[in-house]
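Got a structure for you, written out below as structure tokens; questions coming shortly.
Here the chain labels run A, B, C, D and E in written order, and each chain numbers its own residues starting at 1.
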Amino acid sequence: MRAPATEAANATETGKTVLSAENISLTFGGLKALRDVSFDVKKGEIRAIIGPNGAGKTSMLNCINGFYHPQEGTITFKGVARRRARPDRIARQGIARTFQNVALFKGMSTLDNIMTGRLTKMHTNFLLQAIYWGPNQREEIAHREVCERIIDFLEIEHIRNTPVGRLPYGLQKRVELARALAMEPDLLLLDEPMAGMNLEEKQDMCRFILDTNHQLGTTIVLIEHDMGVVMDLSDRVAVLDYGNLIADGRPDDVQSDQRVIDAYLGVSHQ
Amino acid sequence: PQKAAAEEDAIFLPLTVYRTGAYAPNGIPFANGSRDFLQMLMARDGGINGVPLEFPECETRYDTAMGVECYERYKDGGAKGAAVFAPLSTGITYAIMELAPDDGIPIHSMGYGRAAASYGKVFDWTFTFPTTYWAQATAFIRYIAQEEGGKEALEGKKIGLIYHNSAYGREPIPTLERLSEDLGFEFVSYAVDHPGQEQSATWLSIRRDRPDWLMMWGWGVMNQVAISEAARTGFPMDRFLGVWWSGSEPDVRPAGPDAAGYKAGNFHSIGTEFGVLQDILEYVYDGDEDAARENNWGEVLYNRGLVNYIYLTEAIRTAMEEYGNVTLGGEEMRWGMENLNITAERIAEIGAEGLFEPIQITCEDHEGRGPVIIQQWDGENWERMTDWIDPMHDVVWPMYEESALAYAEEHGLEVRDCD
Amino acid sequence: MQVLFDFLIGPFFQIFEAPIFFVEVVIGGMAAGIMYALVAIGFAVIFKASGIVNFAQGAMVLFAGLTLVGFLQMGAPLWLALIATVVVMVALAYAVERVVLGPLVNQPLIVLFMATIGLSFVIEGFGELAWGSDVHRLDVGLPRGSFFVGDIMIDRFHLVAAGSAGALVVAIVLFMQYTKFGRALRAVADDHQAALSVGIPLRMIWVITWSIAGVIALVAGVMWGTQAGIQFSLVLIAFKALPVLILGGFNSITGAIVAGLIIGVGETVFEVYWGQMMGGATENWFAYVVAMIFLFFRPQGLFGERIIERV
Amino acid sequence: MSVQREARPDEANTPTVEAEKAPLLSVNSIEVIYDHVILVLKGVSLTVGEGGIVALLGGNGAGKTTTLKAISNLLKAERGEVTKGTIVFDGEQVQDLTPNDLVRRGVIQVMEGRHCFEHLSVEENLLTGAFTRSDGAAEIRADLERVYAYFPRLKDRRDAQAGYTSGGEQQMTAIGRALMSRPRMMLLDEPSMGLAPQLVEEIFDIVRQLNDKEGVSILLAEQNTNMALKFANFGYILENGRVVLDGEASALRDNDDVKEFYLGIGGGERRSFREFKSYRRRKRWLS
Amino acid sequence: MFYREAGQFKTSYAADQAIFPILQDRLFVIAVLAVAYLVIPFISTPYFLVTIMIPSLIFCIAALGLNVLTGYAGQLSLGTGGFMAVGAYATFKMTTMFPELNIVIVFLLSGVFAAAVGVLFGLPSLRIKGFYLAVATLAAQFFLIWLFNRVGWFSNYDPSGTISMPPRDVFGIRVVGSGAAPEVRYLMVLTLVVVFCLLVKNLVRSRMGRTWMAVRDMDIAAEIIGIRLMWAKLSAFAISSYLCGVAGGLYFAVYLRTVETIAFDVVLSFVVLFMIIVGGLGSVLGSILGAFFITAIPVILTRAPHDLGIPISVDMAQHLEVIIFGSLIIFFLIVEPHGLARLWQIAKEKLRRWPFPY
């Protein structure tokens, strides 16, 4: 947990592009959710996407992890271009995400939810699993240890065995983050991770995000409506409005961009 | 009510009935007939030769698993266990046939169940008298031949079978296939799945194929729908023959007058004029005919339930001749059934003259080769229309034997020596 | 080879050779389909308003039929018996809401589904207890018999069935789409809690829905009962309605009738031209297999609302 | 819109005034248990005066939602029940009323997490809000236009299926739907969640306008303490199912603990989110 | 207070992941097994064994199977009866084709056929969900029954299409068919149930189980975290139908001994579904409780008037039974929608807190 922030920040400046989306267009019936949007993510950076409600931010993430298939445009991840790929393949390539409306597995405990993040990394066959003792147990324990580290890291020890459906919203979001982290992704997509949290919790969450970024070197794409958070955390910010990319750049530049103020921030924002 | 006094030494005759569920309309009259007859015996004679009878009912809903439960529940009932089981469903018969020999309880499947069980050398605990589906099928063909003017006239005719797609409905098929080879008529069959409420496709097929005669092995709502559809699509009703389970009042009533002309087989006669029915009226209903009618008195299936227990009580009497007037268990009952010989005189004594024909069971022949009649619905009542028709025993017996021996082989059973 | 020919080509020859008969088969199929649709509509109404697959619909058909027959046998004139039966069905709806649905608000749908199966037992048992297990002949004076159009036989009764099904569908669709209650019904189906929060009285909505379903059950009961008598087996026609329901889309009333026709015609044609070759009795599975294959391409059925999948 | 803010003087309600005129809503030490075993609220009391805006603050799982649901009687559907205490609205005990009765009396809740009717169009969603009204189609039509005036975006999307609209649009739909019932009192559960900053302001402005112009009283559960305290005139802070602090909004804003834990301006200026190097050491009023 | 975990600290993940981490649970299970093996066979009547214990145990396996599919993997299925029929006919065919083959192996193998069929009919689940899927699985139910009815080969060309179980011995002891003692049949089925429960419990707490549950709770999210939906759903279908197949084989060979296809009609599918819902979805314990509950209740209800000496006619009794059975189901769903297993859990929870209410 000691990696100096500045170093990491430098790394992002020089990082190479891990993901690039080119000329993405996505329509639903008559509605154009994304219009010819291009943007890229560099290795190790925290990349924010902001924009008014319904601008297409979530849709963008959905395109990146293959849940939506854009009508036009290509997405290149780690140098491999793709057009249509199933989300599970993309997950295996190293993209994890959290969801705007919590998408936890409601019937399972926190620990099990986090363990699902490890599923792609487990390999014993079902007969061994049915017998349990032996290889399967060893594997379970190995992965359990990884998950416990994440649980520790996110300070959710006390709810380890609680069914997630009963957790308050904020903790659910944290468990979701834990699950995504358990996948040990190269690229982490966070969709409004701090919605519905109070300040204290936001601070925690920011800490977790930063630490993930620094310690694990995970590249992060972040959608957030709290401007304080976005401005403080992100290296670069893309702004969407009605499916158009209206600005893209360093936080300070974006913040003072008149179009962004009009479309998104509103006059009253400092 | 009467049984309390002598429950200790009563002969135990559990009645497996179905008064509820999809087949209840047919199950109720049968159950009433059986019950009333036994009640009448108790009221009139106090039992058989002074030995009382105990006959609790057990509801099966025509369902095999429930039937098995009934069997398990009642097999050890009474003083010496159940004397005999009449499972009243082909499916339950099949199931209990596997169990009863272990428990030493004979089974009587009267006009249903496994036809091959008539072959007593293999199925020593199962009795099918007075007749089976296979025999009925041959009797139908014989009747049709009669109507057409001789066996030769069947050549080139088309005879159809519409059947309930279950063990029961499929029973006659091998026989009919065999006969169609022997006699040169064309055999077509139409399966109807349980429960059989929607038969429009089937009847369109029948309309297309235009069979000269159509037989039916149906049960429950299937009968009613088939008869209505036949009327609706203009099938000549007097060329439509139902097996005895497709020929009772509930089957034709919904179609009402439209069904007039429809025929069905039977192995006993119909009507209320028989002495035994009059006795029931007197002893069970105190002469109140309306109450009796309310309980299906005199209906086809009512009479069948009654006949069933006339056979069985006669078997009890037979056994008593051997074992004395004591409470009988399964073992003794089996002996009584295997040595059953109901003569014409005896039938007259019972007050059932004309209700059914004399019958004799032997070690080898558990069927008794009984004859059948054909009855016809005139729109309001069933009328008996033929004399007793003998099935083609020369055809069916070899088939019983073949099938029974195959079963013995598969189940590693010994074939008895009856000589 | 011969088998293939018989199976793939032969039937078409048959159709070609006897086109009139084919038309009759199609008409027969449509008639059957309408009868299925009558039951399916009842399912669809309840599904639309509560997201519940009401398995008890079959039992309600039986119950409505039995009640009607019961009143008729007690000597009531037809109109009075009909009204009395409707009253009983509304009372049933009310009881169902009180005892079953009310306490199960907001539970997983499968739990509600199971509860309706439990309910179907209760209704069945109660109906038989009250009115007996016999077959009851039902004759409310619907026209019977058939007439010929050219060489084609048409059954008057089927025309009546088609007419009532059509009328039901139109009435219900209008109600659902354009009235406040219709809208509330659909809202309830989407989200019980949200519906409560805007003040939609769930309980009343459910009583209304189940009453409507009860009336539909009565219509279906009269139709089916006229055909084969009122008896226990009516409960089982639910199984004929289910494939119709999924093919049409669970929550579509129009779907129920269109799919009813498709399935009725499909299974009849298949049974007549192909089924006999396969030994018959194909109707029971044919409808399901068709529905299943179709859903593979359109998982929400013909007219079902799109299944919303978002994250 | 921001002009509106000045229109409302900050001195609106003092606690004494609150106490004097009988409050519109008062919740008296209620206890709530879920599933027969999980005790969530351990004696919460609060009051909302006629025309007041009261904020209910607190961290995750503090019991804000539960409190609101207890008031609007939506707990039963979640297998929760109020085991102790009373809830009085407009002088009448309301715990045993149905949600429908409550809506008729003018209490409506905007639920957390939007809860739109997915298969209905946006407009139909709004119309369901008017279910309890019987004052004629024209009035309802007019109110619909009023909602569209508040939320022009909804007008654009009026025919879209609500399930396919974006998070913000759904939130607007949910609030609009509640407005359609002409409430006297709205229970807002985290209305700002997931909304763009501009919209958050707008929504709070709208809330205030409603309060101002139409006299709707408001009980607001919020995480966005900053905003909530700016608009409310009274606040309660919940922790762990208990009210740990209450007071006038202005007083709360000045409270050091509130500053530290809810406003993030403890010890002077707002700090950057990057600067929280070590995890916070929690200080709690209770526990 | 009676039921406490306090003080039972786990020092390794292995201990924490044991099936029954809590001592009391372990003792309880051991006690139940001891009673099942050592007491029941000796004290109960054949009637009790044959009409309650044996079918309940067989249904445990079927319910376990359906619970894997519906409770764990979230795929609602009404094809259970069909899959059980596959197991039954496979058992019959195998044991008549290879009479020498050990019957237990026949049971285990017949599940494999059911699994294959299950996967085939599971294919629609890749596209179809919820009730649509449930109804689509009825296709399996109706088609399979039709097929077995239709094709004489399955019943060795028995004229009525009925199959009956020939007697078979294991180690010289008659375990099925005529002459098999109820105790022997009971013990054999019991052992199979114990083994399958253990295996399934292990499966569901391993990767496979978590995969299923993830798909059940939210298939979209599951896919996005890298789960192959097709694989997950089909594996659930396979394992579920395997268990149903074995149960079907036992249902035929050990319980009824002779069946026609109607024994496997759709009612059976519903019965098994009842078991898992009343017992508890997604719970091994629930499957067991549900199976016993749903099997025993009708028997008890049918007998009640007789045993209590209440003189009512059988049809009246039957109608009342149907009504009571239906009401009981509704009652239990209302009391605890998550089933008997959850009631059991709540009871434990209460015991833990006792004497304090919360």
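Everything that follows uses one rule, which is that a residue touches a chain if its C-beta (ideal position, glycine included) is under 8 Å from a C-beta of that chain, and two chains touch if they have at least 3 such contacts.
Since we're looking at a predicted model, the values are computed, not measured.
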Each chain counted as touching chain B and chain C at once: E
Set of chains whose contacts include both chain E and chain D: A, C
Centre-of-Cα separation between chain E and chain A, whole angstrom: 41
Distance from the mean Cα position of chain B to that of chain A, given in whole angstrom: 74
Gap in Å, rounded to a whole number, between the CA centres of chain D and chain A: 29
Inter-centroid spacing, chain C versus chain A (mean Cα positions, whole Å): 47
Interface hub residues of chain C, defined as touching at least two other chains: 128, 133, 279, 281, 284, 311
Where chain B touches two or more other chains at once, by residue number: 19-20, 24, 28, 165, 191, 193
Per-residue overlap in chain A, given as positions that touch at least 2 other chains: 58, 67, 99-101, 103
Chain E-facing residues of chain D, complex: 33, 35-39
Parts of chain C lying in touch with chain D, wherever the complex brings them together: 105-106, 180, 183-184, 186-187, 189-201, 203-204, 305-306, 308, 310
Sites on chain A touched by chain E in the complex: 65, 67, 86-88, 91-92, 96-97, 99, 103-108, 112, 115-117, 119-120, 122, 124, 126, 129-132, 136-137, 139-141, 144-145, 148, 179-180, 183
Chain D residues touching chain C - in the complex, by the definition given at the top: 72, 74, 76-78, 98-100, 102-104, 108-111, 115-120, 124-125, 127-132, 161, 163-164, 174, 177-178, 181
Parts of chain E lying in touch with chain D, wherever the complex brings them together: 346, 349-350, 353, 358
